[in-house]
């Protein structure tokens, strides 16, 4: 394998640039030409390819976003598109592809590999929702972003003895909510994986008020309940000063952390090694502190569960 | 004057703790006893007073929020309340009061001073909307918080070639929007002080698109237009990928910056000096880089204007 | 077990406060009284004990350092001291002890447990040098601190086309150097575990200069070579603009990261559970992403190795 | 004037990139071609010129360092060099020059303007040591960097009840030391402008120890005394746990603050306007919150003084 392409797809995640950098530089060290495809799978369809050299990726470790740009994968589930992509790759004498992205994007990787084009995925999404890997590139930074924001909100909560509902990202999964909630001392954490009972929340707050707790902090994943909705429910049942904050896009950007820079480097090295070795249809992730290869079909189709022991701890520390 | 009280009132602002610390420590150095009133003017009404010693304010320079707690001033416009506050202060042999807060709070200071109780205000609000002072404690940190958030959002905007509307604080004033917009390279800044024309915004974006501008960044003060509303307007007229982010409470907290820590120290020293010297009914602020005393009536009643030259610069740098 | 003590010992590490908080709050939930010992083992000798309640540990998750204070363990290797400590603990009806600290401190824990006092260690040191655990509380924050500092230095290195030697903490171990070096794109990383060859370093730089590399970044652990010494060696052999920076204590403090807050919470919960269950002489750590118990003798005596595969990657990405 | 050059010179400062961006974009808006000279005055001598367009300066507001590179001005005091620079500028039909830099660099600007080449300086150095301007681009960020570092060190100082000497930048001037010392609650601040008395420092510490002060924090400018030297003096006279930290280059880099981004934008706009209007031999700075023009001769030759009232406040807050 002499020439490979790399692309970033789906929601941008901090550390994607670090991954691109490693692929380009390690590729260069191993005499493999690395071509960047522009804006995800769309770059394959539009033949928007650019060769990448070590100097092109200088200074990238610390930068959020992706210099290759990204896009949604809408439409790439059609076989026609996939075949066009492969044709375009082949016409440029590209022998393999590395896809840096999350769940939706890795479905695209799976499709290409099934159609015979050597493709390896690198697990990267702030949502951390790929099965088979404990972490994905971008998750650690996103949670740290959320934590820094919630720490600031806590200053106001404490100063005013005012409760807050903070809505974090996570349509289907509560990974960000769970980690950011525990790390900021949330009294209540609501995630899509665990059904919640409004009565219990109300009771929890009432009991806290009896214990002279000055304020309550609720962290909810957007997929569990929207902050606005929960606010109205609580206001309708309790006489309490409560405010909401929807963290939104500030979770997604920024300079990646140690964890994300390191796993971006390790995932990339492994992806390149495996692709050249002849592997295809696999996702590179980390499991039990080891870099692992996960069949793309499993990574994309199976449901990843949250750590219930982590969830249970919340009740005990919130006293 | 042997014994004074200090309180923080209204929205919390980073640097309020730094101001409390300076008053307590400088007071101690000058043999003046400093009493903290709990939760703003409410502490005066409820006689919730605590003496503060140098060790009580250790480590406060770097901490957001206010250890004295704060509250809205609702009700304190009634003379009965004001008289009760003065009676309570006098009954504790407190001879003067320093009020750290913004516009609404300094109306309370004015009322007390008019009624004959020696009161000095310290200008502190993230909104920067007190007349007569170029800056208020908390504004610099709040804008830096907004900037760091917008820098992160820009990573996503750039990676997806997606436009963003970012709503920052400012119901009546555009100070935060103007500074954070210029500092992050916003293409369009909307503030309550300047009427805006939707047609012009649309035209501006269209022209940018013609020039192959990848994305547009709009920063709006909440008092100019809500992000959600503007999004709907733009979506109804342009075929463009656009998202919104409402920064909200994350602007308010966090460790204060150099600027806010320094002016908190200087304002406090001056407030204490003037109060002891016999001044009353004044606000301490900064004008043309000098610490100044402003009549509280002016500070509260007059309208502070934004710097129009700053506003005009936006069009030229956004090309 | 109804009453336990907790102490922090050795170098302070970000996340120690988070660990104290969890022990106090979970203890409270489980009806166990938690007593804080002041300034490490010294608190046991001086009978400097204070009961800790949930409100005493409010707001601690985000704060670096340790509210219980800490001290070196010098002298605690004497049996007389250990016996005095146990006597003092027993006289206060304290039935168990949790020691939050690193290598030297856990030797103290081991000694107490050998003498029959139920003691559990919680792995916490920025050096990450306890055998049997992949990570210790504080390491992730320390490396992130180093990374943020090196990112800043890189701005100057790039702007001046000037090389830099950056000395990070690590007398015996290269964990901080290795992770911070890889995460910031260091061209050369020097750690105590790997003998380095000055000729090879010189050659590496010369080759970089031939390839028009603008600057070189060397990250060294203090235990491999001091930056000052390496600077003199390089200056004596190459005509190159080179500067040094010794990061020192800025690596140690600051608000803990997600990772350190989460493991501090999990380690604490486990330590408390095991202590109450009757365990002693064990260290709580994390191995392969699972919270584990490690015999204190092993944790303290065995040598923890760095990840050589990580070390090898440096050469390939530095092109 | 149709074509101007811009260069950055001397030590890099956060906000230089923001200044370059504004010059390029405002120049473009006004139909003035902007040429970047590479690595300071050296670029003039080597005719290393590159035209800069709005897209070349995208995303620069948030980035430290300088994309134009910089260098020391050594040798540029020779008339021959200056004449060569002017000849090279003229040969490229460049009609004016903007120099972004500090004291040494603005001497170069002065020389060029004296020789008849239209040159305007933009005050930018972290040292803040240009006469006539209250602030220079980069100072606010540098002090905020120092503050964040000292806040971290304070965690360790407090946890160990250990004193610290922190050495900050400032060979001739104490601006960084004064502001960072006050903002972090230093007990003692040593600056080159104020002679200090070792006996008084020792006495100050002894008195603090009597008052059960747990630790002392000394911030010194490198030009007042080196931390290492002061440490030895104190150790020789007091039995005290003391450590040092030399902040060094971490003060210089990083993303610029609100203040530096805003003044970079305003200074640039003014510099461009004045240059085109026919001005020369002037430095753009800020005085009493107004953007001002300062004769370069004064800016470079006159000595800027620190604010003594700020210095005096230290003693009162350190109790």
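For clarity, chains are labelled A, B, C and D in written order, and residue numbers in each chain start from 1.
Simple rule for what comes next: a contact is a pair of C-beta atoms (placed from the backbone, for glycine too) under 8 Å apart; a residue touches a chain by one contact, two chains touch by 3 or more.
Fair warning: this is a prediction, and the values are worked out from it, not measured in the lab.
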{"item": "Length of the shortest touching-chain route, chain B through to chain C", "value": "2"}
{"item": "Distance between chain centroids, defined by C-alpha means - chain A, chain C (Å)", "value": "28"}
{"item": "Centre-to-centre distance between chain D and chain A (centres being mean Cα positions), rounded to whole Å", "value": "39"}
{"item": "Intercentroid distance (Cα basis), chain D paired with chain C, Å", "value": "35"}
{"item": "Set of chain A residues in contact with two or more other chains", "value": "151, 154, 158"}
{"item": "Contact graph of the chains (line, ring, star, complete, other)", "value": "ring"}
{"item": "Pairwise chain contacts, counting only pairs that touch as defined", "value": "A-B, A-C, B-D, C-D"}
{"item": "Residue ranges of chain D touching chain C (in the complex, touch as defined)", "value": "8, 11-12, 14, 16, 39, 63-66, 69-71, 145, 149, 151-156, 158-161, 164, 243, 245-250, 252-254"}
{"item": "Complex contacts: residues of chain C adjacent to chain A", "value": "21-22, 25-26, 28-30, 54, 59, 61-62, 134, 140, 143-144, 147-148, 151, 154, 158, 179-180, 182-185, 255, 257-259, 261-262, 265-266, 269, 287-290, 310, 313, 315-319"}
